[in-house]
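Two complexes are shown next, each including chain A; its partner changes from chain B in the first to chain C in the second.
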Partner chain A sequence: MNEILGIVIAAFISWFNFVLIDTWMGLPEAPGVKGADVIGRSVKARGGDLAGGFFQGNIVCSPDASAGTLLASIACYAIGTPEGGLIAAVLVYFGNRLCADPGYAGTTGALSITIIIFLTSFIGFKPEYFIVGMVLAILTIQGLYHPWASRLLGKIAHKMGRHTKLT
Partner chain B sequence: MIIHANVFSYLIALAAAVILSLILRLPLLPEKPMRQSWTISAVFPTAVLAVGFYAMVYKLGYQGYIVALITGIITALFSKFILEKVVPVPESEESNE
Partner chain C sequence: MLIEILGIIVVLMALRTLVAQNRSERLLYLNVIGFSMSAIICLYIQTPFGAIIAITFFVTSTLSSNAIAYSLGRVKEEIMVK
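Right, the complex of A and B next:
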């Protein structure tokens, strides 16, 4: 498979993997720690959405599905599929618990991307495509413009019934 | 597709961990809403830890059904007796419960 095309497709897959799992696990509903609350309210003050801001704050403050996706991709590249992904899930779980988070989003994200990497390997995808793809995916959420990204995340949270009740 | 023999090792580790943790009276699933629950249960995180630990042991060169069984048993004991001490629930969560 063409490398550039593979990375672009992997970026889309990674984006949906972590955004859907994190939203489903309730990241936009409430800040897990004080830092996530500060980030969420700062994003809202700059014209963003509060639920999207909490989502962005939560993925900064603890390893959620975004970190799970990236770490599992790296581990599959370094150790092999699926062992690397399974080891990454354990490490993400401990990382989550250390960051005052029960750990569902991170481990689910790591396990789901391991399955995706395993399945897509049959059509020529390599784990390194998902490493670069995930870096690009997280760039669209955290690196370009927070208010726009938070409004998009807020809309997704609203559709999935996970929008915050806080004001 | 040929199922690799290693798949059975993972299943043995998983089954051993889940069955022993149920015997040790861990709940099968966390209470609802699960995404906010800190309860250690047989499925999460014990089963996830069991396959992860077996993957570590496997990559270190120790393989086979017996190793998988022992890994599952140790994981269940770890989840029941040690996990809460290694990574405790944050105090703010404890006060909310």
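Right, the complex of A and C next:
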């Protein structure tokens, strides 16, 4: 398979994987740790959405499904496809506990991307496409323009009924 | 080619970090650098221990971001060096 095309498709898959799991686990609803609150309000002050800001702050402050997706791809690439993802899920769980987070979003993201990598390996996707794809996906959320990204995340949270009740 | 793409992302984010307005905005760009660096570590050291190094680097960089964001919340006014 063409490498560039594979990376772009893997980026889309990783984006939906971590955004949907994180929203479903309630990242936009409330700041899980105190630092996420500061980052969310700073994004709102720059013209963004508060729920999207909490989402971005929670990603920075604790290894959530985004980290689970990246680390499971890394472990699948270097250790081996099904077993690497399980090792990554355990390490992400430790990281979550160190950050005083419940730790279900990270492990769920790691396990789901392991299943996706295993299934897509039959049609020619390699784990390294998902590593680069996940970095591109996090670039669109955290690196381009925070107000737009947070408004998009806020809309997704609103559709899934997970928009924040805080003001 | 994969490492080159990640390298370009790191350089772009480093430049954006320099022109960012405040510290909490800077933390978001640094988070992207953390993602890219652990990906580069793994793609460069292609062994199982390379994966463990990359995962440990990422989790510890998240821990330090957590601590920095927490202390930003406690320091209300940014103290700038004149």
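To be clear about the criterion, the second predicted complex is superposed on the first by the 167 of 167 C-alpha atoms of A that agree within 3 Å, B and C clash if a C-alpha of one lies under 4 Å from a C-alpha of the other, contacts with A are read in each partner's own complex, and residues count from 1 in each chain.
We take it that a residue touches a chain if its C-beta (ideal position, glycine included) is under 8 Å from a C-beta of that chain, and two chains touch if they have at least 3 such contacts.
Every value quoted in this text rests on a predicted model; they were computed, and no experiment measured them.
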item	value
Touched partner set for A:Leu166, first chain B, second chain C, both or neither	neither
First (chain B), second (chain C), both or neither touched by A:Ile79	both
Chain B versus chain C as contact partner of A:Phe94, first or second or both or neither	both
Chain B versus chain C as contact partner of A:Leu5, first or second or both or neither	neither
Which partner reaches more residues of chain A (counting touched residues only), chain B or chain C	C
Contacts of A:Thr107 with chain B and chain C, given as first, second, both or neither	first
Touched partner set for A:Pro63, first chain B, second chain C, both or neither	second
Touching partner for A:Val132 - first (chain B), second (chain C), both, neither	second
Contacts of A:Leu119 with chain B and chain C, given as first, second, both or neither	neither
Doubly contacted chain A residues - partners chain C and chain B	79, 84, 87, 91, 94, 98
Complex contact set, residues of chain A against chain C	3, 7, 33-39, 42-43, 46, 56-57, 59-63, 66-67, 70-71, 74-75, 77-79, 84, 87-88, 91-92, 94-95, 98-99, 128, 131-132, 134-136, 138-139, 142-143, 146
Chain A contact footprint on chain C (complex, rising order)	1-2, 5-6, 9, 12-13, 16, 21-22, 24-25, 27-29, 31-32, 35-36, 38-39, 42-43, 45-48, 50-52, 54-56, 58-59, 62-63, 65-70, 72-73
Residues of chain B touching chain A in the complex	33-38, 44-45, 48-49, 51-56, 58-59, 86-87, 90, 92-93
Footprint of chain B on chain A - complex, ascending	24-26, 79-80, 82-84, 86-87, 89-91, 93-94, 97-98, 100, 102-105, 107, 111
